[in-house]
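Same chain, two partners: chain A is paired with chain B first, then with chain C.
Moving on, here comes the complex of A and B:
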């Protein structure tokens, strides 16, 4: 049976936001118990610690400080930043726009994660019933979609949804719809629809493959026994199959939530292609536009801290269970 | 489970399978297809489904633009540097974590885990400020610094599994045969780790090569763009987007990634020490 452990190892997230393919290293053995009196292990981890400290640790500290400062255009031109206490946060939390962006971010994230999970798990279940050549065909398609670089996917989908020459408008018109010259990115809801299509298209393969692998580990005897006991298809699914793969489902679902919280590239590129930024900003693009676009580093640092806090809240259960597992292994 | 699959169920499932293939693969096909089409075919209201009579003009145009060649050079430098540095740092750290017990080991592992949850968007403002202070904005070195940190946790995490997968008994045996500890490690364990290093290196490549957000933040000058940035500005032009050119560019960026991706997919699963320890 596929244990939670291996699923988790497969589904490691990366900070660059790329959806990484599953890696299944050989099952790690318990670390050697030999006590190292020397400083050798510390020397060995030093480069990594220094690199992480420089590129992530230091900016994090600086960002917290920045969020308590007035740091706008004047400071960009050399004026020393002014300490303003909680003013940035106060300004933000009383700003209706931030709440709108936050709400959008959460709704977008949940809708995308849910759609990805439903389609991915559904596909994994249906894959079992396919004949082998068809299953290989479907898996090849999924693998291609999975391997596509984010930016390349975005340009292709923009081209598919193109107002004038896009295939999607052509097909919908051919099917009798009134889609000639339809601009998909103009209205926010339609903009998010396109973004969702792209995000779901690139995320489903990971879910489908991982869940399918988990399904293959469900012992046949278990399912057969249930069948002999008179359980129907739906009952077998609900009482035997789903409980067996629950840990995998949980991890994969949580990863989708984490990944769909950070969809900067997708939103940013579609905005540039014609969406109205104000009406379609999610937290990531909002931070970017406030700080690097608008030069208001103090406020954008405060929003960034808020986003980090949101991530912590959403991922705490996952991190906890990982730590607990790490402890029991060590 | 397939035994209990009825005929209609199988037909239905196969139908879903074919639809899945079409929906998943069509955009990739369309990218490649459009990259061979000329302006008139692209701008024809009726799509050209198969590129009969297509040519390589779009690719030629892409290679003739300075921006592409520039971006290619920047991307190659950043990606290469990131892989080398990240692999070196991650490798020694992975050895420390899986071969030694030391104080702070657990905190180190937990930190790696937590870091992987951090969204780039949550930190890029102050990373930008830091690189600005260090005068490293718009430099390969600056982007590499943030990329290495982005790739490191995942790389250490994965390599740790590979190192732990090589039985320590192998090293012990070598030491009994007269090797020093260092020799045993270099001659026995290191060669067995080669596939792991290749695989994690490829993952590092895919990530750095595809990365968009941090590149956008760090490389603000046009002449320092990486390939994904170059591709994203391609569509910016308001008057008549050159879709053929964009698709040629996308194809050029995607093909190495897709090839590498397929390679790693297979290799990562195969047993690492298969044959090293019999029985």
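Moving on, here comes the complex of A and C:
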């Protein structure tokens, strides 16, 4: 992690202008004063660490403990829980259903994250080419989609895809398709298609805005120089623009993977509208159905811990490559 | 760029830590209920579900309570029936979040009573009506001699049908289950347009109506022996009932195969329903100019109690609600006063006039003597409760039955699906 000195250096750099940084030869390193023994950095970091520890550490510890207990509805209302060791985990890992749900979750997450990234980056690139009024219009639209409360927008999506009275069925039928009374949520694949549309629609604005902001930081001179050297559109994108915004792409991609892995509200609400819960559960809704829905908080906590481990495993390569990048480039 | 990358890496690691950890967490705040009766004045929060309770009753309750308890206020917060078990599980266990008085479906009550979520009401039973209270409801809310909830209203579903359509198809009002199934299928055949027309409107998730066919065939959802509950959906009798349900789903219903039974007045008023099985209060919504169609299809509306195979009323689900006081509510005394008002004759009269069977037997005559009252009373005469298993609400919460009936509606193999549902329920029934 950063020390205060490196943070100060960054402040200086951003004031003097990052735009020239990539073409400039590596700056001579200043004498390393960071090693000087001082407790000040630790003191400064302490409040944040304490707050994080309380807000995140306590629930996490509680969660781990819960996963070793037989904890039902009666315990929720005050009866002492019983310790069962690894029984919750054993029961889970021998149940094929968990693995089915896990596989579904991973596939759903990767498909959604990829679709979101492609669309978001594409939009950001297009936005760069737009005239100002058009861009403002597009950005306002994106912002509205991003700011829309999940439940409110899902109500509308649900109506759009409604089996009997949905606009989508109406339009597709009007266009000559056989979609009268078509149940979009009936089959798991089609259910996930609708869920993907909703999730991607909601996440694209964040990616588009962030990447657009990063694109603004790419020096024009650099792109121009590449153009003069004879680089075509695709080459400029691949060899100049993408490497320049790579850190942003990495972070945004990482966040998308995490967010899409723990997607909950969209699936939960669509399950209420139709479709079979068993056939469409992802880890998020599975935890909910087990715990809050089914009153088995112990097993549910065990799945949550498993999901945490899965998140770490899935994102580790990302984080690792970022850390490596820092080491080699710093 | 180097510096930017570095700070971004730091931000990413921090963001990762935040989001992954925020993904998990549970709240638990043990503690016991307050021993004293709570403050003299407070705001009492009453949770009522859905649109079942008429507005007139809500207004009366608020005004009367605030008149009788100067300084206190009563706030009614409307909850959705769908997802109620989950909502109660989280809010009732938190002293700061819990409502004071809650309405809960009579089939959902046992799970919460046996978990200790409600304050005991045994002492006030006499004042609230004693033996006059609907007996099945009081029993369902009693654990080891202590009663934790009282009936609020009852209501079994009965059949609403379109007189004109039956007549046009040359059908009589059915008097046995077989006739009913045949009539439903004939109605669907006689009305090929619109494509989603239902001879019997039966959305896939509607297990509460589905249970009727299981019971009518002599089957059951679950059975008890020596205090242990075992699922019974794969018994031969239950399978026969489920097959009848499948026939109706596939040959008589145009409702979504994965839909739920909410808002039945919408398809009825769109002219897409020949017959449907709904609670009595749906009549009010069909006749309402805003939600319904008072000038068109409502004029052709008729009702009858669903007949069973033996010609007697079929065993339909005894629907209804209980009222309970949250054990963690800090205002026990005031909450008791609110419950007393909700069971008073005045309040229950308003409920009865809206077509809901009142919580007291002595008020049943208030339902009137028209065909709706007759159907209400007849349907209730053979009504059945869901299994009184301690884990029943967990079965409902996991949506096992919605999934089962929805899969049956889509033409799945009944025996396989029933066995699968039994397996899922066996882990949940005993709490």
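Going forward, the second predicted complex is superposed on the first by the 244 of 330 C-alpha atoms of A that agree within 3 Å, B and C clash if a C-alpha of one lies under 4 Å from a C-alpha of the other, contacts with A are read in each partner's own complex, and residues count from 1 in each chain.
Simple rule for what comes next: a contact is a pair of C-beta atoms (placed from the backbone, for glycine too) under 8 Å apart; a residue touches a chain by one contact, two chains touch by 3 or more.
It should be emphasised that the depicted structure is a prediction, and the values quoted were computed from it without experimental measurement.
Q: Counting only touches as set out at the top, which of chain B and chain C does A:151 meet: first, second, both, neither?
A: Touch partner of A:151: chain B, not chain C.
Q: After superposing on the shared chain, does chain C or chain B touch more chain A residues?
A: B
Q: Which of the two partners, first being chain B and second being chain C, lies in contact with A:234: first, second, both, or neither?
A: It touches nothing on chain B or chain C.
Q: Once the shared chain is lined up, is A:307 touching chain B (first), chain C (second), both, or neither of them?
A: So A:307 meets both chain B and chain C here.
Q: Look at A:265 in the shared chain and tell me whether it touches chain B only, chain C only, both, or neither; answer first, second, both or neither.
A: Only chain B is touched by A:265; chain C is not.
Q: So in the superposed three-chain picture, is A:276 touching just chain B, just chain C, both, or none of them (first/second/both/neither)?
A: Touch status of A:276: second partner only.
Q: Looking at the overlay, does A:96 come into contact with chain B only (first), chain C only (second), both, or neither?
A: In the superposition, A:96 touches no partner, neither chain B nor chain C.
Q: Return first, second, both or neither, reflecting whether A:292 touches chain B, chain C, both chains, or no partner chain.
A: Both partners.
Q: After the superposition on A, what does A:126 contact: first (chain B), second (chain C), both or neither?
A: After superposing on A, A:126 lies in contact with chain B but is clear of chain C.
Q: Residue overlap on chain A between the chain B contact set and the chain C contact set?
A: Residues common to the chain A contacts of chain C and of chain B are 9, 13-14, 18, 21-22, 52, 56, 59-60, 62-63, 66, 164-165, 258, 262, 272-273, 288, 291-292, 297, 301, 304-305, 307-308, 311-312, 315, 319, 322-323, 326, 330, listed in rising order.
Q: Show me the residue ranges of chain C that touch chain A in the complex, using the header's touch definition.
A: Within the complex, chain C touches chain A at residues 1-13, 15-28, 30-32, 82-83, 85-86, 89-90, 92-93, 111-112, 114-117, 194-196, 204-205, 254-260, 266-267, 272, 327, 391, 393-394, 397-400, 402-403, 406-407, 410, 424, 428, 431.
Q: For a test of understanding, state which residues of chain B touch chain A in their complex under the given definition.
A: 1-2, 4-5, 9-10, 12-14, 16-18, 20-25, 27-28, 30-31, 34, 42-47, 85, 88-90, 92-93, 95-102, 104-106, 108-111, 113-130, 145-154, 156-158, 160-162, 164-165, 167-168, 196, 199-200, 203, 206-214, 216-217, 220, 228, 231-232, 234-236, 241, 243, 246-247, 249-251, 253-254, 257-258, 261-262, 264-265, 268-269, 271-273
Q: Along chain A, where are the residues that touch chain B in the complex?
A: 9, 12-18, 20-29, 31-36, 40-42, 44-45, 47-49, 51-52, 54-56, 58-60, 62-63, 66, 123, 126-131, 134-135, 137-138, 140-160, 162, 164-165, 167, 170, 201, 204-205, 220, 223, 227, 258, 261-262, 264-265, 268-269, 272-273, 283-284, 287-288, 291-292, 297, 300-301, 304-305, 307-308, 311-312, 315, 318-319, 322-323, 326-327, 330
Q: Can you check the complex and tell me which residues of chain A touch chain C?
A: Going by the criterion above, the answer is residues 1-2, 6-7, 9-10, 13-14, 18, 21-22, 52, 56, 59-60, 62-63, 66, 72-74, 76-79, 163-165, 180-181, 183, 185-186, 217, 244, 246-248, 250-251, 254-255, 258-259, 262, 271-279, 288-297, 301, 304-305, 307-308, 311-312, 315, 319, 322-323, 325-326, 329-330.
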